[in-house]
Amino acid sequence: MSAADPFDPSTNDVGRLVVRCPDRPGIVHLLSGLLTEAGANITDSQQHSSDPSGGTFTLRLEFVLAGLADRRAGLEDRLAAVAGEWQLTWRLTEAAHRPTVAVFVSRADHVLQELIYRVRAGDLRADIVAVLSNHPDLAPVAAAAGIPFHHVPMTPATKAEAEARALELIGDVDLVVLARYMQIVSADFCSRFPERLINIHHSFLPAFVGANPYQAAHDRGVKLIGATAHYVTPELDAGPIIEQEVARVDHRATVEDMRRVGRYVERQVLAQAVTWHVEDRVIVEGPRTIVFT
Amino acid sequence: MSAADPFDPSTNDVGRLVVRCPDRPGIVHLLSGLLTEAGANITDSQQHSSDPSGGTFTLRLEFVLAGLADRRAGLEDRLAAVAGEWQLTWRLTEAAHRPTVAVFVSRADHVLQELIYRVRAGDLRADIVAVLSNHPDLAPVAAAAGIPFHHVPMTPATKAEAEARALELIGDVDLVVLARYMQIVSADFCSRFPERLINIHHSFLPAFVGANPYQAAHDRGVKLIGATAHYVTPELDAGPIIEQEVARVDHRATVEDMRRVGRYVERQVLAQAVTWHVEDRVIVEGPRTIVFT
Amino acid sequence: MSAADPFDPSTNDVGRLVVRCPDRPGIVHLLSGLLTEAGANITDSQQHSSDPSGGTFTLRLEFVLAGLADRRAGLEDRLAAVAGEWQLTWRLTEAAHRPTVAVFVSRADHVLQELIYRVRAGDLRADIVAVLSNHPDLAPVAAAAGIPFHHVPMTPATKAEAEARALELIGDVDLVVLARYMQIVSADFCSRFPERLINIHHSFLPAFVGANPYQAAHDRGVKLIGATAHYVTPELDAGPIIEQEVARVDHRATVEDMRRVGRYVERQVLAQAVTWHVEDRVIVEGPRTIVFT
Amino acid sequence: MSAADPFDPSTNDVGRLVVRCPDRPGIVHLLSGLLTEAGANITDSQQHSSDPSGGTFTLRLEFVLAGLADRRAGLEDRLAAVAGEWQLTWRLTEAAHRPTVAVFVSRADHVLQELIYRVRAGDLRADIVAVLSNHPDLAPVAAAAGIPFHHVPMTPATKAEAEARALELIGDVDLVVLARYMQIVSADFCSRFPERLINIHHSFLPAFVGANPYQAAHDRGVKLIGATAHYVTPELDAGPIIEQEVARVDHRATVEDMRRVGRYVERQVLAQAVTWHVEDRVIVEGPRTIVFT
């Protein structure tokens, strides 16, 4: 939730600036001055110092600037002018911009359904432009939502071609979401979507990393089961965690019960992670994330 | 949790600035500049606009400034110099300062025990300087913790004198905590501790406002019971809410079971509220609070 | 979750017996004997004594009985034979039976969508046979799910006829769910569906009983918002509570933010309550419920 | 919570029977009959079938039997008479019996303090008869509570003797609780306390099994940290899980912050597990537990 409500009709004038740089006194002053001089009113500000004695400083500002679309270039020029001296990397977005999203699925529909629901409800400001699956089962779900569905079968032998075909079909989307895709994507595919490829792992990572976490959780007699949404990286087994949640189970829960309970946790966790991502609230810092909720 | 760890030995140099003023572009820039010029490094910044189109702006900054104790007066002079023009009200505190707290109790010890535990554990940076009760029961608890205990009996007829005696005994403490005190304090008493008098109400306000909320909750068959920590004001039935929490109960819970479950919620909620208060994280805004967690 | 998995294909042989009677030693022995003699294996047993020294005893048994459908009448005869002496009231159901449900809505679709999703997913074993609304807006949602939609406009003046029309349209359904219907149903309507009419109230009852609880919650500055699913009764302002849940909000939440957060709590709470109801897990006991989860 | 309130003064007549046997129709009938004939009124009954088609059946009954202490032997005779035929193993306890507990600690006091608090508050019906540590630090905590404190230094070289000394000091206690003991107990020690040795692991098992889970959790950037209470067994790395809980952290949390948050989760989880254990609610079933809450 933020003071500058991204769901408000006046969203046209709402901008977000996410900046990272070496931590140095004066950086907040510099950036707030730059926005103020440009006529913006800062409505939300969140920051994080990885190490106050000299690490990386991260800042997310939300602001209202009348005529943002037209004055954006000017703002970028101002940022560019100081970027060198302060070693800034930055991202300037308009809240009105709706990122494009491709959702990769297998046969389970619960997470896809939730993403479609939240987009329709206006709670997730993004456009799902493609659903892609290695099985044809969910074509009707995509059709009902008016989203193009692409069936791309995949075997270990055909993986490279299948991924190439997938890339061709989804085009240059802003975000790829693996919504219980059940396939390991290649390092090459990952590197096409740096910090723009989100997966839901149906367990509370790093516990039960393997293929059938609910069976493993049942065998171990856990009292809580969980789910983890994370960025996918070529290097890591599972990349930076964005969000996690758990639900309580007891000794009566069969493996199938755990799967059923788990589906509700998965849809909640992935939908939350995707929402934060498209609102520019998630910043990757090495193996971790900063999430300005 | 904050980047400038208040539990760190270097806390001596950690300061906090809480500012309120009419919302106007440039205020963040002004204050960050003022701190930067004074040599401070801002390690945490949180802000809130009650209404971006012209309400009240609230800012909480945490900063590290070498030699803060000596340079504090200079900082205050700088703030005073701009306060008029910007209509600032502010509070500047040193994280190393330990506020003094008087805890008012009746017979139940669970919240008092928790506050004592957290102070000892170093999780609540305050000094409990007095325990005051209208019953003698908890004298041993205070004694075991080395805290002066004052027994001030109170009847409707003797309320004014008893409160006067209480005020005399606790002196000019920074904070008064009603930890299941079970007495209504007078408007006059309240006005002595504006925004410095915290009560735990053993229900999820505004439900069950009355005297025996657990009985009322049981009669109504609720599935969750809660507790609410709030500031006490002379005007309001229950003043601005600082924190609330709930716990699950089921049809098997008797009224006594609910009380037992409730005690653990109460101690958690009040201890959290007091901790946020002494870390200058709570700002009263009319009938509500802003809590920068 | 239960040992006799209602989602299992062998559900055909799974039965449930819910019994209420004055609490007296020997009742468990009597009923377990009765089932055992009939060849049933009790797979789950939950009980509750409203007052061990002589109140009402409630028992829910799940059992597996080969050929249940054919042998059910015999079981009922056995129960009837002892009912008089022990003052039993009972309900014997087959887990394979899918209750029929009519869902009453207004313009908001979130709870309806969730019920449809859970039926499709197999997590809610019931058949939604009608959606009825005083507005035409959700006709497409019902159509997409293949459920008949009835538009019955309602004004204070036409309430009696409109309810009569509604009753005619939905027929003799097992359960009526008010899924953000936004209309007060008449006492007469309530009495047609005793303990079979469930409402979701978009607040944490008994707080914020009125018409706009999110505005009221915002004005009061609460830190948790909630929702309550309850049976509707002619007598009570809000009948026996089945389930409640809360979600955390902070000072940044606008009224609209609270509504948004609230929608997710509402759908969860109502879907859970309906699921427990159709699994014969909820028993009304005066102003309260017993819920054998 | 249970209908037969273990906190009630009439607890003298409250008994508990926990039974395990091969699952066979008629077992509930047999045992309820046996209790009824003995004059008992069953006030709570919970059961679990590990596999309805022929696994292990577990039953926990709570009952009121006037003059339980005197009539207990008779009840045991009845149970013994059928035990052979039905292959029963059972445990019959009186709620009034207070088990003796030895608590093993190292330097951290938070879990010990919580156990002491709950015993005093009457929420944990057990007697802590010894605190044993490899460090002298917590002697004053034990002394303040009037509990004998034993300092038994331990090095890898002296482990066997130290454990022998510990056994001698604690005698034949009903339960040993490792409350952040930070030492691995020997398989021999474990086998002295089968299903009577509880440990708190300061992580959400099976994640972060190692020695410094908070550091590991921080490195991994998790969003939830947890704690796990489990029985200690000679064979397993970590034995059957009794209870788990988590708390939310964010990117601002340092390792020290995580430890601080973790302490509150640990004390809650271990105190809950110990309470359930002494109320005969936990039954070990291979690598898992059944917990009749």
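A, B, C and D are the chain letters, set down in written order, and residue numbers restart from 1 in every chain.
Quick note on the criterion: a residue touches a chain if its C-beta (ideal position, glycine included) is under 8 Å from a C-beta of that chain, and two chains touch if they have at least 3 such contacts.
Owing to the predicted nature of the structure, the values given are computational and were not obtained by experimental measurement.
The set of chains touching chain A and also touching chain B is given as C, D. In the CA-based superposition of chain A onto chain C, the rotation angle is 180 degrees, rounded to steps of 5. Chain centres computed from CA atoms place A at the largest separation from chain D.
Residues touching across the chain B-chain D interface largely coincide between the two copies, over half of the numbers being common to both.
In this assembly, the C-alpha centroid of chain B lies 36 Å from the C-alpha centroid of chain D. Centre-to-centre spacing of chain A and chain D amounts to 42 Å, using the average Cα coordinate of each chain. In chain A, the residues that reach two or more other chains under the touch definition are 3, 44, 48, 250, 252.
By the touch criterion given at the top, residues 48, 204-208, 219-224, 226, 240-246, 250-252, 285, 287-291, 293 of chain B touch chain C in their complex. Within the complex, the chain C residues that touch chain A are 1-3, 5, 7, 110, 113, 117, 121, 123, 144, 249-250, 252-254, 256-257, 260, 263. Note for the complex: chain B touches chain A at residues 3-4, 23, 25-26, 28-29, 32-33, 36, 39-49, 52, 64.
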